[in-house]
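Alright, structures below, take your time with them.
After this come two complexes, each holding subunit A, first together with subunit B and then together with subunit C.
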Partner chain A sequence: MDIVLDGVSKIVNGEKHINNITLKIESDTTNVVLGHTLAGKTSLLRLMAGLDRPTTGQIVMEGKDVTGLSVRKRSVAMVYQQFVNYPSMSVYNNIASPLKMSGLSASDIDQKVRKVAAMLHIDNLLDRLPAELSGGQQQRTAIARALVKDSELLLLDEPLVNLDYKLREELQVELQDIFKERNAIVVYTTTEPSEALMLGGNIVVLDEGRVLQTGATPYVYHHPATTRVAQVFSDPPINYLPGVVHGRVARLGQGIDIPMEGHLESVPDGKYIFGVRPNHLFLTNGSGNKAEIRTKVALAEINGSETFIHVSHGDTHLVVQEDGIHPRHIGSDLAVYVNPCNFFVYNETGHLLASPFQCE
Partner chain B sequence: MNKWENNRAWLLTIPVLIIVAFSAIIPLMTVVNYSVQDIFGPGQRIFVGTEMFRSVLHDYRLRDALWRQFLFSGLVLLIEMPLGVLIALAMPKKGWSVSLALVVLALPLLIPWNTIGTIWMIFTRPDIGLFGATINNVLGIPFDHTASPIDAWITLMLMEVWHWTPLVALLAYAGLRAIPDVYYQAAKIDGASPWATFRYIQLPKMRGVLTIALLLRFMDSFLIYAEPFVLTGGGPGNSTTFLSIYLVKLAVGQFDLGTAAAFSLIYFLIVEVLCFLFYQALQNVGKGANP
Partner chain C sequence: MKKGRKKLIGLAIYFFLLLLPIYWMLNMSLRTNADILSVLTLYPANPTFENYLKIFTDSSWYSGYINSIIYVTINTLISLMVALPAAYAFSRYHFVGDKQVFFWLLTNRMAPAAVFLLPFFQLYSTIGLLDTHIAVALAHCLFNVPLAVWILEGFMSGIPREIDETAFIDGYSLPRFFITIFIPLIRAGVGVTAFFCFMFSWVELLFARTLTVTNAKPIAAVMTRTISATGLDWGLMAAAGMLTLVPGALVIWFVRNHLAKGFALGRV
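Right after this comes the complex of A and B.
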């Protein structure tokens, strides 16, 4: 089964939640919808599920127009950001609830419930009520409820966002395997680039209700078509430096000269925006780091086992990702090194001209 | 660590102790004191021990009033709880009509209790009351709450339901509004019927507020005084003499302070024990469901 969204818009109270999206999702694929908060991720899922009717456009599944078809008549399962379970039912009955309508025999239901519960490691909790479980266990129950009925479309709306870091990593790994075994279209929304990369598959980059770019997740990561895509698909956000190319040398920011070699060679003279991800800015002058950027430290943000150093170079704000935890004095001078082969080059309208992927 | 190191902190509890003493402990102890004496007038009293309690427990009028009270509270709860939930389910969910519905619902709750009795006394009068006159003269059914015990009960029940169902409805409505929309979406995706949505999402999610509503309504209806006092005065005969009305008759009408005090203590215990039992029972509803 495949899904085609054809010119779909959703307008609520004059606000365009979804703005003319045309999208084709192939059968048996894992699809990540990446976008910031309010990009329209949940609205898109609700339209696909059939919970909402698009204002304009149509939704076609396997060649059949299902635009106005009620959610009850579709083969859909959904997991939410909130932990949604029936409060008065045990975990067992919660997982069994989507099967009750299907007319399966009690022993078939029992077998399916136990299988999916084992897969999500909640088989020892079947007698409990949702209120007696931890957050992670509640979400496992909700995921089990969605998986148990073998629906053709499995929608997950930021399912791990309310879980703590450790549980999230655990479930990310498990979900990858579960998705692979499933004969269904999986659509998974997230705000986090790292989660998108981990799940792989295809990606839909969404921003302000529009699709910015689609493609295989690693490809889009390496070739973000516009400056906005690169911003959405980079955490901490990608750094941009304005630059002028003249005679095979680019002058960036305040007097940083880099040679236009390698993948930059094809870029003609003119004004451009040079982008570099925070993990490609270094504090040591290793091999290949041909340019030095003089900066002042504005803020050092410790994030897990990494430090994000926010620095200013003239008027430009940059973020450097450094391994380990290092205290920094605010206002002190810091030299940052960059290898020119890590630069993305965008023209002034923000479209990608050169990607550094080849040089990695 | 020395146990008495911070003993001055105890001083901070003194205001509360004083308030509780004057508002609850001293009045209660006064009642206990009355209950073991036979009082004839100022300065004329004899200690009688448990005699008052024994006489109260053997008083058939008290037992009748107690059964009447149970019947009344039971019927009131059976009508008000489901009706309140139904009203809450039918109430609008957004727009200006929400405010309108809330104001209209809250109106009966804002009227002083004896005024309610008066309103209904006039409303149901067979000669000039809108309700009473309509039933008697237009429909031709004889209806007089001052003459027929059944009519008196019907009037009281109507009044009580009219007065207090809005409270249940408002609490249930608050409970309903607190359910996130995703629960309804999940139920839709599961193909749940409206009844299943109510049974497995709305009702369990409303359990907390409905427990409170049930306790409040039970206590209030069990202690009802002002409205029947104004409307029927406990009559006709003794047919609407509830516990509070009988208690006042004993204490004020007959100046039987000792008996009334013993009765008050028993009354207090009954309410206390029943509320505890209700609460315990409701805490366990919905738990222990096995696969």
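Right after this comes the complex of A and C.
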């Protein structure tokens, strides 16, 4: 089964939550919808589920127009960002509830519930009420309820965002395997680029209700088509330096000269925006082929095992992501190094001209 | 420790003041009229159950209680059955004029009951509803349904909409979801609403007395019979009053846990 959104818009109180989206999602694929908060991720899922009706446009499933079809008549399952369970039912009955509605026999229901509960490691909690569970267990219950019925469309709206770090990592790994085994369209929304990369599959980059780019997740990560996509698909945000290319040398920011070699070779003379991810900025020159950027430290954020150093280079704000702990004094001078082969090049309208490949 | 004791004494005095009239009524109900009118005593010297016995044996007395209980129960049931779907609609759907209609419902409670008395009497006597239990029950709905909608809407809006949606995704129909999932979630609200409907209907006198003659005469109206040419039958009236307290006390006892939660959560 595939699902096609054809020119779908959703307008609520004059505000465009979804702005003319046309999208085709193939059967048996894992799809990640990546976008910042308020990008329209939840709205998009609600339209796909049939909980909301699009203001304009059509939604077609397997060649059949399902635009106005009630959610009850669709083969869909959904997991919300908040932990949504039926508070008055035990975990067992929560998971069994969609099966009971479909009229399966009690022994079939029991078998399926126990199987999916074991898969999500909540088989020892089946007699409890949701209120007696931890947040992670509650969300596992919600996921189990979504998985237990073999729906053709499985929607997960930032399911792990309200969980603590450790639980999130654990579930991320487990969910990947679960998605692989299923014969269904999985649509998973997230704000985190790392989560999107981990899940792989296809990606839909969403921003202000529009689709910016679609494609295989790793491909889009390596070839973000516009500066906006690169911003959404980078955490901490990607760094941009304005630059001018003239005579096979690019002059970036305040007097940083880099040779136009390798993937940059085909870029003609002109004004460009050079992008580099925070993890490709270094504090040491290493092999010595890197360009130096003189900066002043604005803030050093030590985040356990890594440090985010926010620096300013003239008017430009940059973020350096470095492993290990690197305390720096605010206001001190800092030399930051960048390898030219790590640069994305965008033209002045923000479209990708060159993206880095295989950098040593 | 000292502060705790002070508090305890203060509360004890408050409790005593509150209970004094009720105790006095109990005191009177256990004495004969001659005894009541002769001396002031703090407790009945020769307690007698004569007054209670009369109420339990005289059908004109005990039928008053039965009538009251019948129409109060009918009213509570009708109010809940009407208000539950209405409150759900107000809580979950947006439609033209929803806020206005919601407010209009409440304005029904703002007018004094006497205003509605004449139209009710006229209407009921025309269609032959006068002196039936359902007549009083329906009349009390005028006040109880808006209150019930108002209270229940508050409780329902406290339940996240995602639960409804999850149920529809799971394949529940609206009525089935409503009965098997939604109502258990707002149990406390239903309890509190039932309590308020019961209480209003139980203490209401004007409609209940005017719309009934003999067959559905409520206890509050029967009590006025104690006034006769020979004066007031104090003991009998006190006993009837004591018994009138019992159903209310029982209902409060049953919903006492929900009530505290209801006051905290809803818009009681």
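In the analysis below, the second predicted complex is superposed on the first by the 354 of 360 C-alpha atoms of A that agree within 3 Å, B and C clash if a C-alpha of one lies under 4 Å from a C-alpha of the other, contacts with A are read in each partner's own complex, and residues count from 1 in each chain.
Heads up, the rule we're going with is that a contact is a pair of C-beta atoms (placed from the backbone, for glycine too) under 8 Å apart; a residue touches a chain by one contact, two chains touch by 3 or more.
Only a predicted model underlies this, so the values are computations on that prediction, with no experimental measurement involved.
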Fit or clash between subunit C and subunit B when superposed on subunit A: clash
Which of subunit B and subunit C A:292 touches, first, second, both or neither: neither
Which of subunit B and subunit C A:76 touches, first, second, both or neither: both
Partner chain(s) touched by A:93 [first = subunit B, second = subunit C, both, neither]: first
Touched partner set for A:126, first subunit B, second subunit C, both or neither: first
Residues of subunit A at both interfaces, subunit B in one complex, subunit C in the other: 49, 51, 71-72, 76-78, 80, 82, 84, 86-89, 97-98, 101
Touching residues on subunit A, where the partner in the complex is subunit C: 49, 51, 70-72, 76-78, 80, 82, 84-89, 97-98, 101-102, 145, 149
Residues of subunit A defined as touching subunit B within the complex: 46, 49, 51, 71-72, 76-78, 80-82, 84, 86-90, 92-93, 96-98, 101, 126-127, 129
Subunit A-touching residues of subunit B, taken from the complex the two chains share: 180, 182-183, 185-186, 188-192, 200-201, 203-205, 286-287, 289-291
Subunit C to subunit A touching residues, read off their complex: 160, 162-163, 165-173, 181, 184-185
